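After this come two complexes, each holding chain A, first together with chain B and then together with chain C.
After this line comes the complex of A and B, so read on.
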């Protein structure tokens, strides 16, 4: 994988300055801090002077947020070596242990099927480690299994905000909205399925989701003629893309003949009921 | 109510599905190629999901597609199966009941089958399944004596053998199909393998 400096064409000083800016602005972008900080530490440690200690602290906290305990531990060990009696370092150490302990507790609760308690613990954990993407996603899954779609949507909104380019979060959010049902949620779901496709035009769930949500909206007696027309267009476009994708998949591939035929007929039959 | 027969093919594929995703809840549809009336013969199954079971869009999509495939192949959807991620709890979840209800709308004698994760190890001699049927609009436990698995010992052996040889990795559920649409959720390859291992008596019901 390309380094940060290669990808963004920056030198170590710019990376160091970026980290400082993020510290001063109290930014929550833990994944970026980890990416930049890890590279800075491993390749340019000697050039950083005394800045390195505050950087270790900053990266350690961001690493905990991203479930990168390996990195968190490395930073912590360097800090311990340099400041063996420091209260501040002891507090960081406690923070790490607490994060690990709480995660372990949550895993156990999940394995025991104690969803309500796991949800409560996870919520408390996220109050402190607000940037932990994995934890937010875990929470969204727990809420989905408890059929609490509103709260699941909230978690996914958090994830979409901090990861605007992630097509999976968009698509999952759209699925939750679709499940909640009702015209407004269907329209939202269609929009987010479309957004997921913009981010990744090969996401089949998003494509099918767009097809189904647009079809349902078009078939609803409550919509205006214009909305009906627009959604029939979206559905027709999606159907074309689906057919294209399956034809491509079927080329020289006898294996999925059955699933191809099923899709073809399904699309045809749904067209008939819509028009 | 009526008798239910579970074929080797259906059982083995359900079992392999559960083994492929041991830490997830999984579900699927039970199919029959026999005509209606008399005992319900579950001759095949289609594995559906291993994530986000309660979410509607993909489930709806899968139900529609399987329906279409069934009408193309003279089969019908006669039931639903699920295995919960938490092995200590094999009771049907609200989403299981919902989907089973939908199936029951189209087929009176629909069955709801829960795989009991706690009883799937080789030490257990009895099929790790719990079946429910619809009585007075509620899903009630089926009498064990009305559930038949012919050649159970052989079926169990085949399931175990295929798991050991890693054949469960060949299984494609609808979720995996959506990740890669060149994969076949009707699992023809796996069906062939099962048929090869089964004796003629256990072959096609």
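After this line comes the complex of A and C, so read on.
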């Protein structure tokens, strides 16, 4: 993966200045702080002088926020070595332990089947550690298992906002919308399945999802003739892509042909019910 | 009409649960399509000859489930099978009753096969030796899902099922078990599990 300096064509001084600006403005862009800070620390530590300590603190807090305990611990250890009796460092240590403790508590609640409590604790945790993606994703799964699709969608929206290039979040959001049902949600789901495909054209779930959502919209009595026609086009396109994908997968493998045939027939039979 | 499980069906269900011990898993049970029903065949058990593992993790989302049901239904028609039941192992091991997802899927299956059953796998009792059956079978009766006592009659051949399942668990065959989720991740993964089916046959 490209480094920050490569991607944005910046030198270490600019990275250091950016971190200082974010500190002064009290920004909560933890992911960016982690990306920039981690690179700065690992590659330019010697150039930073005394700035490095405050950068360690800043990056540590951001790392906790993003569930990067490895990085948080590294920063903390450097700070402990340099300031062994510092109250400030002890406070940071406490912060880290608290984050770990809360996450462990949530895991235990989940294992005990206490979903409602796990959800509540996770919500509280996320109020403080807003950038923790793993936690947002866990919360979305808890909501899905409780059939609270609206709240699951909200969690996935947070994830999509901070990770616009992640095709999995797009596709999962689309699945939640589809499950919620209703014409509006189906159209949203189709749009997000399509977006997931744009981000990764080999995502089979997105492809199937596009096919299913477009087919259902086309079959709905509530849509205009134009919408019906458009969706039949989308569905037909998706069906072609699905067949192509199966053909590619089945090449050279006789046993897989049953899958391919079943898919062809399934798509054909659905076409009939649609028209 | 009670159901009966073959060794292949039973062992693949358990392999699926064993592969994902920290997740909920589910799948479909298939039976051979019989021609005409004899007048007094209401007491003859439905033999579930095979199962198709579906998903692991989040089971409560609709689109892929719909795809799987349609696809497997088509496959069944080609092989003279019919979808006759649904199995599920819950994530929280103390929780062994059919939940909303199980009831919804089973209701769909019932549209095509009125005697569909729900088989709940009790994760907490999963051991390598398999010395006792760890399934609870539910039938639809008077608008409710009621569980029936699981006896040796619930299996085509319990001692064979026990022997085969135990051997495959010990040999960690579950690492090669393919469910529909695996298939969606990579289309070359075959959800009919021919490799495991062969292992079962070899052990019979």
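Methods note: the second predicted complex is superposed on the first by the 253 of 275 C-alpha atoms of A that agree within 3 Å, B and C clash if a C-alpha of one lies under 4 Å from a C-alpha of the other, contacts with A are read in each partner's own complex, and residues count from 1 in each chain.
Methods note: contacts are C-beta pairs under 8 Å (C-beta built on N, C-alpha and C of every residue); 3 or more make two chains touch, one makes a residue touch a chain.
Bear in mind the structure is a predicted one, so any value in this text is a computation, not a measurement.
Asker: Label the relationship between chain B and chain C on chain A in the superposed model as either fit or clash.
Answerer: Chain B and chain C clash in the superposed model.
Asker: Pick one for A:128: touches chain B only (first), chain C only (second), both, or neither.
Answerer: Touch status of A:128: no partner.
Asker: If you stack the two complexes on chain A, which partner ends up touching A:240: first (chain B), second (chain C), both, or neither?
Answerer: A:240 contacts neither chain B nor chain C.
Asker: Touching A:179 in the superposition: chain B (first), chain C (second), both, neither?
Answerer: both
Asker: Output the chain A positions appearing in both contact lists, the one against chain B and the one against chain C.
Answerer: Touching chain B and chain C on chain A: residues 111-113, 141, 144-145, 147, 174-176, 178-179, 181, 189, 204-205, 208-209, 212-213, 245-246, 249, 253, 255-256, 258-259, 261-263, 265-266, 269-270.
Asker: Taking the touch rule as given, give the residues of chain A at its contact with chain B in the complex, in rising order.
Answerer: Going by the criterion above, the answer is residues 111-113, 141, 144-145, 147, 172, 174-176, 178-179, 181, 189, 204-205, 208-209, 212-213, 245-246, 249, 253, 255-259, 261-263, 265-266, 269-270.
Asker: For the complex, which residues does chain C have touching chain A?
Answerer: Listed in rising order, the residues of chain C that touch chain A are 57-64, 66-67, 70-72, 74-75, 78, 91-92, 94-95, 100, 183-188, 190-192, 194.
Asker: Which of the residues in chain A end up touching chain C in this complex?
Answerer: Those residues of chain A that touch chain C are 111-113, 141, 144-145, 147, 174-176, 178-179, 181, 189, 204-205, 208-209, 212-213, 245-246, 248-250, 253, 255-256, 258-259, 261-263, 265-266, 269-270.
Asker: Please name which positions on chain B make contact with chain A in the complex.
Answerer: Residues 25, 52-58, 60-61, 64-66, 68-69, 72-73, 86, 88-89, 93-95, 177-179, 181-186, 188-189 of chain B touch chain A in their complex.
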